[in-house]
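The chains carry the letters A, B, C and D, assigned in the order they are written, with residues numbered from 1 in each.
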Amino acid sequence: MSLEVVALDPTPEQYRYVFGGAPEPLLRVRPGTVVELTTEDCFGGRVTSTGDLPSRVCDFSQLNPVTGPIHVEGAEPGDTVAVHFVEIAPARDWAVSTTFPHFGALTATHSTAMLHDPLEEVVWVYEVDRERGTCLFRPRRGGPEVELPLDPMHGTVGVAPAGGEVFATITPGAHGGNMDTPELRAGATAYFGVNVPGAQLSIGDGHCRQGEGEVCGTAVEAAMRTVVVVDLIKGAGTPWPRLETDDFLMSTGSTRPLEDAYRISQHDLVTWAAELTGWDTLDAYQLVSQAGLAPTGNVVDTNYTMVAKLAKAYLGGAGGSVADGVHDRLRRTGADYLAQR
Amino acid sequence: MSLEVVALDPTPEQYRYVFGGAPEPLLRVRPGTVVELTTEDCFGGRVTSTGDLPSRVCDFSQLNPVTGPIHVEGAEPGDTVAVHFVEIAPARDWAVSTTFPHFGALTATHSTAMLHDPLEEVVWVYEVDRERGTCLFRPRRGGPEVELPLDPMHGTVGVAPAGGEVFATITPGAHGGNMDTPELRAGATAYFGVNVPGAQLSIGDGHCRQGEGEVCGTAVEAAMRTVVVVDLIKGAGTPWPRLETDDFLMSTGSTRPLEDAYRISQHDLVTWAAELTGWDTLDAYQLVSQAGLAPTGNVVDTNYTMVAKLAKAYLGGAGGSVADGVHDRLRRTGADYLAQR
Amino acid sequence: MSLEVVALDPTPEQYRYVFGGAPEPLLRVRPGTVVELTTEDCFGGRVTSTGDLPSRVCDFSQLNPVTGPIHVEGAEPGDTVAVHFVEIAPARDWAVSTTFPHFGALTATHSTAMLHDPLEEVVWVYEVDRERGTCLFRPRRGGPEVELPLDPMHGTVGVAPAGGEVFATITPGAHGGNMDTPELRAGATAYFGVNVPGAQLSIGDGHCRQGEGEVCGTAVEAAMRTVVVVDLIKGAGTPWPRLETDDFLMSTGSTRPLEDAYRISQHDLVTWAAELTGWDTLDAYQLVSQAGLAPTGNVVDTNYTMVAKLAKAYLGGAGGSVADGVHDRLRRTGADYLAQR
Amino acid sequence: MSLEVVALDPTPEQYRYVFGGAPEPLLRVRPGTVVELTTEDCFGGRVTSTGDLPSRVCDFSQLNPVTGPIHVEGAEPGDTVAVHFVEIAPARDWAVSTTFPHFGALTATHSTAMLHDPLEEVVWVYEVDRERGTCLFRPRRGGPEVELPLDPMHGTVGVAPAGGEVFATITPGAHGGNMDTPELRAGATAYFGVNVPGAQLSIGDGHCRQGEGEVCGTAVEAAMRTVVVVDLIKGAGTPWPRLETDDFLMSTGSTRPLEDAYRISQHDLVTWAAELTGWDTLDAYQLVSQAGLAPTGNVVDTNYTMVAKLAKAYLGGAGGSVADGVHDRLRRTGADYLAQR
């Protein structure tokens, strides 16, 4: 089988900062296409040393750039776009993280408004060793350095929202967006319900790694070289973004307060499990109650994100049949691509 | 070294339903004592078949019984009690789970008050196979049965609250209580700040296993035969319950909304990590942001519980020094006990 | 002084369902212009009897129509638009309210996701007696009828959002939108920070009256004939929508959870009061703590809205100087208009 | 009719700091008794000048003292205690308010845990002019002074909790407690469901006045001379504290997040209105949606409090029949008492 492989390497002017709004697509692909793309970090690459405070060097209207939109041919409202992540590789030998004024979970913010001055703005620069698969944490004020394993992921992936809405790329929601879950790593297939013709897929906000919740507000932020396979599932909707790996199904929910994000994600996983197995809804509720995981996505963005996660092994054999096995098929496409490269 | 081993097997009348209130202790132990204890399930053992609806067979003032309190000799306010779980073994070859009127995360409750009728009350009975280490999920209305691995834990562990307060055993808080986190399994050491002389430790609510969040409101509920080692750390407080395993440090937070439970747990983990390593607080904030995990405890009880979790490997060698190595010491005590039994 | 008075009476095709997105304005006005405008009810006028269930007769993409946008000449980002409500008059002798599937504060919703079926969908038709100033509540299933005073207001008023975002008209936020506060009645001046050239003001969602919180999700919904004076305050921003009446200053906050909406509104009122009086921030915090009111806006929309309200009498004489007395000036313009009509 | 009037003037040692726990009552009264009582301020009277920072002069285990418990003879679980406030009079010619480290709505707290240092601790002393009915706000750092009308109230009123629980007096809940609503002023009758024999009523935390939400965490705190009439309604429960005045019915809800406190209060008001009028629940939901008020109680305590408020005039004549007219009866008793004094 011959693979269709295309490259997407935006110029700085081509980055976008919203989902939706019907711009001219950067790329049009047929379902099944492999896309080799590059993404810039959430600071637009402007924070390069500990002296580059984001509040000084960044233009606030140009935070969290995404690469896209990619128009998926044939995608119509009511369909689902599947995006399989074949590879997510840091593009540079450094990455950065920072505190950011009035942003993060342990600080007053514009929503959790308080009379405190902002926490101090601090930049950390990580050395990225792609061969050894590590990034090096250097505390700014002494104490041990720590080598952390690379675990690259994308914080932001999504499609154009429904209803003509346009959301900043920092906002996660039913369209995807800035979910900031470490589960979105290579090997995962993400599913998004299509709201507009062509779906208008965009990807950005690469992280060398991220803790669950992204508590300080930023991860180990890095430009990425990423390879995805984009596919289309006709006639099947997806109410909230879902993820699939070889071993797990995952539903996401993004809203506030955090318990409502939890509710959305668990509700979706329960109804999804019931649909796949034929269980009654209350039986699926019971099984998920005993076998489900609930790792935190983010507790810092304009909406918070929770993930509901269930091992396919606990679906009584129904785990292999998700969307007619699209994950397995895309995984093979990815393997073929890597073998040929 | 000679082990001090005592047994605690309460009669039905001895179970308690609150933390605090200064009752006569069921047991007094010296620090370092191994306690073999039994706990009843959260229904007081009254739900034994699918026909036993909890709203009919249970006395609402006698839900979630705990075994205790255990008076730890020498424990004073400002100290910390350490409880190492050597073994948590289901006492019977069955366990139960149920929906419960107006209780759970995907239903109207007394706090999230709505005009809906309650969801249907349903009981699931699990076959527990202790040899194979499994419990069998049988859907009530068809579809595949699923064998789930046993992963026994206690939902409820804690001490008397501060300030003379008395909390129902269903409530988690700074005193511990009904945190309902699957992380409280054999191999873990739990730390609780002492609020009253003797600490007044109680344990209950055994689960054969539980999903993160306990979404339907109940786990695979079981009576347990549990072995703990109880120890005392003089002169060191613990603001919120903490857990330690061979590989991880964990902080908990229990309140509402869920983001505040997340904030408490992350705040405690950040300050704990800073203290152990000598990092500045913002450096610890950064490290936890990239390396921390945030599994959900419960999103159904009167307070919600989040866990903040960090691999000791990421503490630059400081992970071994927690509370002068009490976890390792208690682990050895537990191993000695198991070897001698 | 000659008044500039213009009329804006949209055709059904001209209604819009989002804020933002840079459409061609329906109207361009100079600051100081009186605008006589009509608005349709939140159902687009399609619910006219108890048999017209909204889920059947409404097109979900055409809920909550707004009249506009109105381009305010000279308005630039960093300015503030002032909209004084001279008159809000029900256009018909009937109005409607309904429950709506999965919408409202005492029902499971798409965000507070649960396994309940929706509450029953019911329509109430109110007789509106404009002469007597009443609307008549007729219970659907017996019990006393109640005559309620008319207290007309607009649920939805706002400008184009910042950052190129586009929000459904059902969403309240820093741009205004669907705040659903009964305080937005005739006699009030609303202030909105300008985010795009011309501000792009839109108005809709008239209510004959509304309880605080709009607990069932809809008010006494009515088409309106409304008269506003639109003005511009150059060089002065407004972080969140504010209201002014003869006697009160009000700040709003719209987000989730509700305590964060409260925080935003109180934070804005505290800083606003400090600025007007010269008090230190903590002194303003103290005064607002003792003299402020906090009526609920809505607890049903995609964001919840709280209002922070302070009598001008408690500002030590500084209450008259808000934005150089624009409220008093617009009030006189409104009075002149009514006298001449 | 002869009035039974008793006085209750506790010594400093007699103040209590919790609800519940079955202490010996300070007083036993028959239903219908007038009680003249004194309460100390929330600081135990220890903050008397701007130099008395509460964190220095107060003992944290002795904050928010209450006067009581009062044993109401004949009160049994399932009954309701009615407490009519005849008079609430400041006992001194001064009162105080303060910020307090990590307490308040616009500051990091122990629950909304953050890495900020506490806001500055500041004390304001108010001159209380009982003749003119005012208290004087003096900003600490310049700007206009403001004379505020006295509007005395009690922040804390309640009974022993159910289930053997004991709550700090700072906690509001289904038992009442620290609801901190300005609606609890003279002229109001408060209803509490009885959980233990004698009900065990306690009262404290007088405020010369308080803004809605009590945003900085403290009101104009004052010792009070208060007169109440205590009565008993046999065989009628009250799920959450309710208030009645000549013109309004009010339900309260106290929990977190704030929307759940709103839900509880509105749910209770809807079901109460349905019960009084014979309306179907959805009809009552509709009426409350259009005619209900929702003033904020507190957004600073361990639980947040919302009030749901409905004019009796909108109950179609059913407003007079609440609990067989107990409010009117107690109001007359209060008037008789004042006439005779």
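Convention: contacts are C-beta pairs under 8 Å (C-beta built on N, C-alpha and C of every residue); 3 or more make two chains touch, one makes a residue touch a chain.
Just so we're on the same page, UniProt names per chain: A, B, C, D = Acetamidase/formamidase.
Fair warning: this is a prediction, and the values are worked out from it, not measured in the lab.
Of the two chain pairs examined here, B-D and C-D, it is C-D that is joined by more C-beta pairs in contact. The greatest centre-to-centre distance from subunit D (Acetamidase/formamidase), using averaged C-alpha positions, is reached by A.
We define each chain's centre as the mean of its Cα atoms; on that basis subunit B (Acetamidase/formamidase) and subunit C (Acetamidase/formamidase) are separated by 48 Å.
For this pair, subunit C (Acetamidase/formamidase) with subunit D (Acetamidase/formamidase), the centres built from the Cα atoms lie 33 Å apart.
Chain centres here are Cα means. That of subunit B (Acetamidase/formamidase) falls 36 Å from that of subunit D (Acetamidase/formamidase).
Listed for subunit C (Acetamidase/formamidase) are residues 106, 112-115, 119, 256-257, 263, 266-267, 270, 282, 285, each touching two or more other chains. Those residues of subunit C (Acetamidase/formamidase) that touch subunit B (Acetamidase/formamidase) in the complex are listed here as 106-108, 112-117, 119, 257. Listing the residues of subunit A (Acetamidase/formamidase) that touch subunit C (Acetamidase/formamidase) in their complex gives 17-18, 20-21, 61, 110-115, 163-168, 253, 255-257, 260, 263-264, 266-268, 270, 281-282, 285. Contacts from subunit A (Acetamidase/formamidase) toward subunit B (Acetamidase/formamidase) in the complex involve residues 97, 99, 105-106, 119-120, 122, 124, 137, 139-146, 148, 209-220, 256-259, 262-263, 266-267, 270, 277-280, 282-283, 285-296, 299, 304, 306, 314-318.
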